[in-house]
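What follows is a pair of complexes built around subunit A, which joins subunit B in one and subunit C in the other.
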Partner chain A sequence: MPLDAIPIVAVHGDAPSAQAGLVPGALSGNAPALLREIAEHLRRLLAGAEPAAIDLRAMPLTPADLDWLRERLGSGEVNATLLADGESTIVETACPGVWWVTHRNDRDVVVAEFIEVTFLPELLKAHPEDVQFGLEHLELLISDLS
Partner chain B sequence: MPLDAIPIVAVHGDAPSAQAGLVPGALSGNAPALLREIAEHLRRLLAGAEPAAIDLRAMPLTPADLDWLRERLGSGEVNATLLADGESTIVETACPGVWWVTHRNDRDVVVAEFIEVTFLPELLKAHPEDVQFGLEHLELLISDLS
Partner chain C sequence: MQGPLIDTLVRQGVSRRSFMKYCATLASLMALPPAAGRAMAQAMAAARRPSVIWLPFQECTGCTESITRSHSPSLEGMIFDMVSLDYQETLMAAAGHQAEEALEKAIEDNKGQFLLIIDGSVATGLDGAYSCIAGRTNLDLLKHVAPHAAAIVAVGSCAAFGGIPKAKPNPTGAVAVSDIIKDKPIVNVPGCPPIPVVMTGVLAHFLTFGSLPELDRLGRPKAFYGETIHDRCYRRPFYDQGKFAKTFDDEGARKGWCLFELGCKGPVTYNACATVKWNAGTSWPVEGGHGCLGCSEPDFWDGGGFYKALSMPADPLKMAATAAVVGAAAGVAASFANRAKKGGAKAAHETVTLADLEK
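What follows is the complex of A and B.
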């Protein structure tokens, strides 16, 4: 399914990580606020709100911040890859409902990174139009058997 | 999430593969019927029916039948693993909506194998009670930060 299917509902912070004052190897102090935002999205999700996605590339975060965040969120039970134009990885954190999603292009370069707060990342779902297409393919294959 | 969360809606055939007359290396002739059954489940899914799961261990199929089936269904875009007591793999076939699901125990022995016909395998979904539990863990972690 196309990458534009990623449900971006809430994106906070529009300052790039390269903004003045951010030292790549140092914590910026912005990551704890992000953890609080994730908790708030989880509360809203449980209350019936739509899933949310946080664009990590649009946040004022250093690589050290991302490492800190990854460590705090931990590793969960589900690990998925989606092979489309490039590889996307959809990794459940130790907080069920919080997924770390990384998109790579066909040269294996990371082009986008999101934290998604959802029961199930949209990317993993088969879309009805694709299922219809797959069924037609299967029916053709079956008619060739007889 | 627990393995008993696997949504087994339709299970056809109760004869084990070891029944008299099945030669492991040979096609039994039963696999094409299974392909037709999968297509029927896909049609029903698109028409709004509940997901279905076919227990491959409960079918009169030889290993050669399973290879034949795997080859006909092909490989899709999504490949997921779930690490609980053992590893489960949830692999999308080239027919979106048709998933090949294999459960292994903690000694890496295959203990169950299903074809699931669903937009999204239940195993990949975060369950609300787990999300609630994860949120509480996250809130504790946040309160420790301040």
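What follows is the complex of A and C.
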């Protein structure tokens, strides 16, 4: 039997949601509550609290909810790409201090998605010990000049 | 060798940012609050490599295969390298008396501190003579090593529940680790084989918090075994709509409908396959078009047939809870479906397979 005789049909369209009872294309009504949570985190951040994060994967959100949220939050001035074990994007939303963080693995599959409420996401900062390595490297370059 | 983990990782070319990303992802996967990712990164970076002794008993080495090939060279794999694996028969270079000396030395050096990983069931028939290493029975070895361990991780369904060696008629008298050892914390990581990240997740938890994760009634980490395959299955909406594949190549199967009537054990199987997937997130059995075998549940091999729908059990006592879950209506429908299936398969195929005859 030739291989192409095997009736495998790719079915396109909306992938069924992993969340039971949620219809992928429809809003679940859970997203607006998140806006209020983010606002509260921002208030606390301004009052001197620790940065906060919301794990979007842990929320009962449909793809449509995520689109809705993304659209509402908009995009801001900073758009950073981190190339470490796959690509991660760290995007500031139109609300400064609210960041949309998406982690992908090296096969470009989204493995985690967060909203971070912070002045600067921890991932963007260079670690002092890495800076030390950088300095040593630079000193080596300078010593090669002479 | 015994420096903080992050130094070892940096030497291996793992950047701090990829490490932080890994911790954030792992925390999300383990259903920990997002802030835990940062706490984990800090604690794990500073952690010393714990000593690990790995004993293989009645097993097929499939669990070792799964874990060592956790999409290497992934961070999971690296972190796994980063524990001080002091004894592992499949992977260690030493052999013979040297190997056995290494085991005794590791026990002596890390008394009460090391993590004991066991894959494979323990043979108890003929005083354990069915499975011996260096002339010593598994039973004897377990009783010798376990009292000195900080905790035990039973990897794979064999170590956790007895697994395939324990399948009827159980000629070797195979039992689970927890049937022998009663006075140590035991984490069961069942699966045939278990998902690699579940293993590394348990290790990460031990490294981070110095304790074992929260367990369910069968000793499995709740973070990974908290929900059934069915609860998180992407085909679940079809179940809810009553759309079922009736044979493996009918229209329903091609459209990706629910595999319940083809014997999927998803509704009674607690595991993370539906979310974590396999082969670096490529796919998993149900996505590949085959029902779940229920390999992370006790006695899955004796469940009465992989292709029998759950609601027509071969072992009514064991499956009583199942019938309650799926409901009587679905049960009646499925039993009709199974009866009709043989005829359907005949019409659809030239040949009837062994699986069809089983019904």
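In this text, the second predicted complex is superposed on the first by the 128 of 146 C-alpha atoms of A that agree within 3 Å, B and C clash if a C-alpha of one lies under 4 Å from a C-alpha of the other, contacts with A are read in each partner's own complex, and residues count from 1 in each chain.
The definition used in the following text is that a contact is a pair of C-beta atoms (placed from the backbone, for glycine too) under 8 Å apart; a residue touches a chain by one contact, two chains touch by 3 or more.
Just so we're clear, the structure is a prediction, and the values are computed from it rather than from any experiment.
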Request  = Check the residue A:Val111 against both partner chains and state whether it touches subunit B (first), subunit C (second), both, or neither.
outcome  = second
Message = Applying the document's definition of touch, where does A:Leu66 land relative to subunit B and subunit C: first, second, both, or neither?
response = neither
Query = Thinking of the overlay built on chain A, is A:His103 touched by subunit B (first), by subunit C (second), by both, or by neither?
reply = second
Request  = For A:Asp85, decide between first (touching subunit B), second (touching subunit C), both and neither.
outcome  = second
Task = May I ask you to decide whether A:Leu35 touches subunit B, subunit C, both, or neither, giving the answer as first, second, both or neither?
result = first
Request  = Please name the chain, subunit B or subunit C, that touches the greater number of residues in subunit A.
outcome  = B
Inquiry  = With both complexes superposed on chain A, which partner does A:Ala58 reach: first (subunit B), second (subunit C), both or neither?
reply    = second
Task = Considering only touches as defined above, state whether A:Arg43 meets subunit B (first), subunit C (second), both or neither.
result = first
Ask   = Should A:Leu27 be classified as contacting the first partner (subunit B), the second (subunit C), both, or neither?
value = neither
Inquiry  = From the superposed pair, tell me which subunit A residues show up as contacts to subunit B and also as contacts to subunit C.
reply    = 82, 84, 123, 127, 130
Message = So in the complex, the part of subunit B that touches subunit A is made up of which residues?
response = 1, 32, 35-36, 38-39, 42-43, 45-46, 72, 77-84, 90, 92, 94-98, 118-120, 123-128, 130-135, 137-139, 141-142, 145
Query = If you look only at subunit A, which of its residues touch subunit C in the complex?
reply = 7-9, 11, 15-18, 20-21, 23, 50, 52-55, 57-58, 82, 84-85, 88, 103, 105, 107, 109, 111-112, 114, 116, 122-123, 127, 129-130
Note = Per the touch rule above, subunit C residues touching subunit A in the complex are 10, 15-18, 20-22, 24-25, 27-29, 31, 33-35, 37-38, 74-75, 231-238, 240, 249, 254-256, 274-275, 280-282
